[in-house]
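What follows is subunit A paired twice: with subunit B in the first complex and subunit C in the second.
== the complex of A and B ==
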């Protein structure tokens, strides 16, 4: 835990210094909402269409963060420094996944108000608790799969392609569950509570993939 | 030259050269570094071929050879960053890579890359490494002072000169007081004064086991108890520094 905390602290400090990831994620999400607003020529979206737009936007922004997650490690020797140290390799996974989760939450602090402002989904305020719960579980999926894929890409030449090629298919179940879970919350007759089955799908997806990723992570980062 | 703990032996796969008794044999204790027919390749290219040697506590091994001879690869294998493809590697008696976790805390690597984050300060970088190695925070100030970087310790690494970055790299490599130092061109970018500054940390007076490479063979020979000369991935010479004939040394870089 102490090692993971040290890595996480370093990653957050680096982001705070460079501001290379979060601003670009926020800008991308806002730009996407603006494009949908004018492209669809709609002031308001609801139901599955709103859920689809929001989930796709989150995905695009997440891909930015995923591609940059191990950038400093790769370009500035952080990987070697970590591998030289007598520490548990899963600490790196825990730290990077937590950092990605924090980035996603920070993004959503900007993206959700922008979504509400530009695409005005109905009853978002009424369904906010359920909406946030779904987002937290979706962020878990982005964090786990994103970290796994990003680590996988580090040692490959086509690292920028690994995210879309491997990450997207792996994330599909979580993306579908997120969109299907959010959709009913953004309708005029929303009950305000997400359907339990989508929460369960996301929770199980997160748990299964986290266990799998932790088990495989050593093999990914060592030569 | 008196070499009380030096045992060197080399068997080349093709020519079966054996150089034993490079110095007086050590009566007891296991070698810090023991290589037995170590080979490593990158794709089709064999970088190291059947290297066998032993290095005992407190000794310095100088690895010589032209660019691409395999010096850095050897250091990275010893640092547990690369796996050997054939043969065996033992550090402190532990086989690599299986028991790499057991020896990592006892190794310090000073390689071509500083392994420092450019956007963090030297102090922040060393504090991060101190946390990885479970070293008390006070040690960070100690090593910063030792390399003369306390005043500039809060400057981002990207704003420092190459010499200053190298001094921080030395500080990082010795932060956890390693018993085995792997030094790849350790004095590159250092002016004479900085070289003197880091001498107690990584030089002969550090009194730790060292494996070093240098572009200055004469300087490396002066520090070495044992010399490994690499040519085409093979051990062209293994033995005491005074046994390496000037003509042989010249031929290594020809």
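== the complex of A and C ==
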């Protein structure tokens, strides 16, 4: 636990001092909204279309963070140092997944208001609680699967390509649940609370992947 | 090696016989479908291909567990060959399914069918297995990462089916539900024969691939010895190079 906290603190401090990943994620998400505005030729989006646009935008931004997640470890020998230390290797997974989760939440603090402002989905304020709940669960999926995929890709030659192509299909079930959950919230006659089905699917998918990733992560950072 | 090959010869003969039997039953014994007519016959190839490939993907994951537990390269090779063969079978299944969809629903691709869509997602995931594997240079790490991938992806197969099913309405004909389906006995016989035939084909091709790989490794080792190099334990990799 202390190891995980130390790694997490290191990652957050690094991000705070360099400001490399988060601003890029935020910029990318806003640019994506603008592209969707022109691509779809709509001033405002609602229902499933709005949900799809938002989910895809989150995914794009998440990919940036996922690609850079283990960059410092690989380039500056962090992996070797970590392997030399007599600590539990799962700590690395816990720290990285938490860092990614925090990045996603921070991104959404920018992306959700930008989404509301630029694409004006109806009833977003009314169903904000359900919307946020779905996003938190979706962030869990991004964090767990993203960390796993990033660890899998970081030692490959074409890591920038391998990460996204493995990550996308693995995240698809979570993206389906997120988009289907958000869709009804953003319609004009939304009830304001998401369907329980999608919350459950997301929560179970998060849990399932977290267990799998924790069980297998050790094999990915062995030397 | 010789017993291995003899074993393989018997399996090949049985597979050839079963495939002939399966095709014969499909075309001459099973009745024509009342609604779809002749084109429904593709069902006897499409569904076994799909089932065998999905089982093969999961099997790849089980072999992956075997590798991580024992560290023996033979498990890695099994996992690789199972996934490789499944990928080929699944592409065949997808193409056959697409033809069937065009014939019976009028479209090459039908989004409202969750089975087809989730099958595509699974194939997309497994298409990344080889690019991932062969962009890792160290053979030991290659095997370990491939095993981890195979386990995660193998577990993903059923979960993905459940979630995609939740997201859309049923359209696929449910011929294999728990109540025994709506197939008459003659169709069932043809179907199960085809299923066994395709499963045997999978096993045979997988064994051939493994035998070929073993042979290549052996040849490489002998050539090294002949050339006077200090052969040592050669890195055994499933790489096609």
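Heads up, the rule we're going with is that the second predicted complex is superposed on the first by the 223 of 223 C-alpha atoms of A that agree within 3 Å, B and C clash if a C-alpha of one lies under 4 Å from a C-alpha of the other, contacts with A are read in each partner's own complex, and residues count from 1 in each chain.
By our rule, contacts are C-beta pairs under 8 Å (C-beta built on N, C-alpha and C of every residue); 3 or more make two chains touch, one makes a residue touch a chain.
Keep in mind that this is a model prediction, so the values were computed, not measured.
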| item | value |
| --- | --- |
| Contacts of A:180 with subunit B and subunit C, given as first, second, both or neither | second |
| Of subunit C and subunit B, partner touching more subunit A residues | C |
| First, second, both or neither for A:156, with subunit B first and subunit C second | second |
| Touching partner for A:219 - first (subunit B), second (subunit C), both, neither | second |
| Contacts of A:172 with subunit B and subunit C, given as first, second, both or neither | second |
| Subunit B versus subunit C as contact partner of A:208, first or second or both or neither | second |
| First (subunit B), second (subunit C), both or neither touched by A:84 | first |
| Touched partner set for A:56, first subunit B, second subunit C, both or neither | neither |
| Touching both subunit B and subunit C, residues of subunit A | 222 |
| Subunit A-touching residues of subunit B, taken from the complex the two chains share | 79-83, 97, 101, 104-105, 107, 109, 111, 113-120, 124, 128-129, 131-134, 156, 172 |
| Contact set on subunit A toward subunit C in their complex | 148, 152-153, 155-159, 161-162, 165-166, 168-170, 172-173, 176-177, 180, 197, 201, 205, 208, 212-213, 216, 219-220, 222 |
| Complex contact set, residues of subunit A against subunit B | 2-3, 5-6, 9-10, 13-14, 17-18, 72, 76-78, 80-87, 222-223 |
| Complex contact set, residues of subunit C against subunit A | 68, 121-122, 124-125, 127-128, 131-132, 135-137, 141, 144-145, 147-149, 151-153, 155-156, 159-160, 163-164, 166-167 |
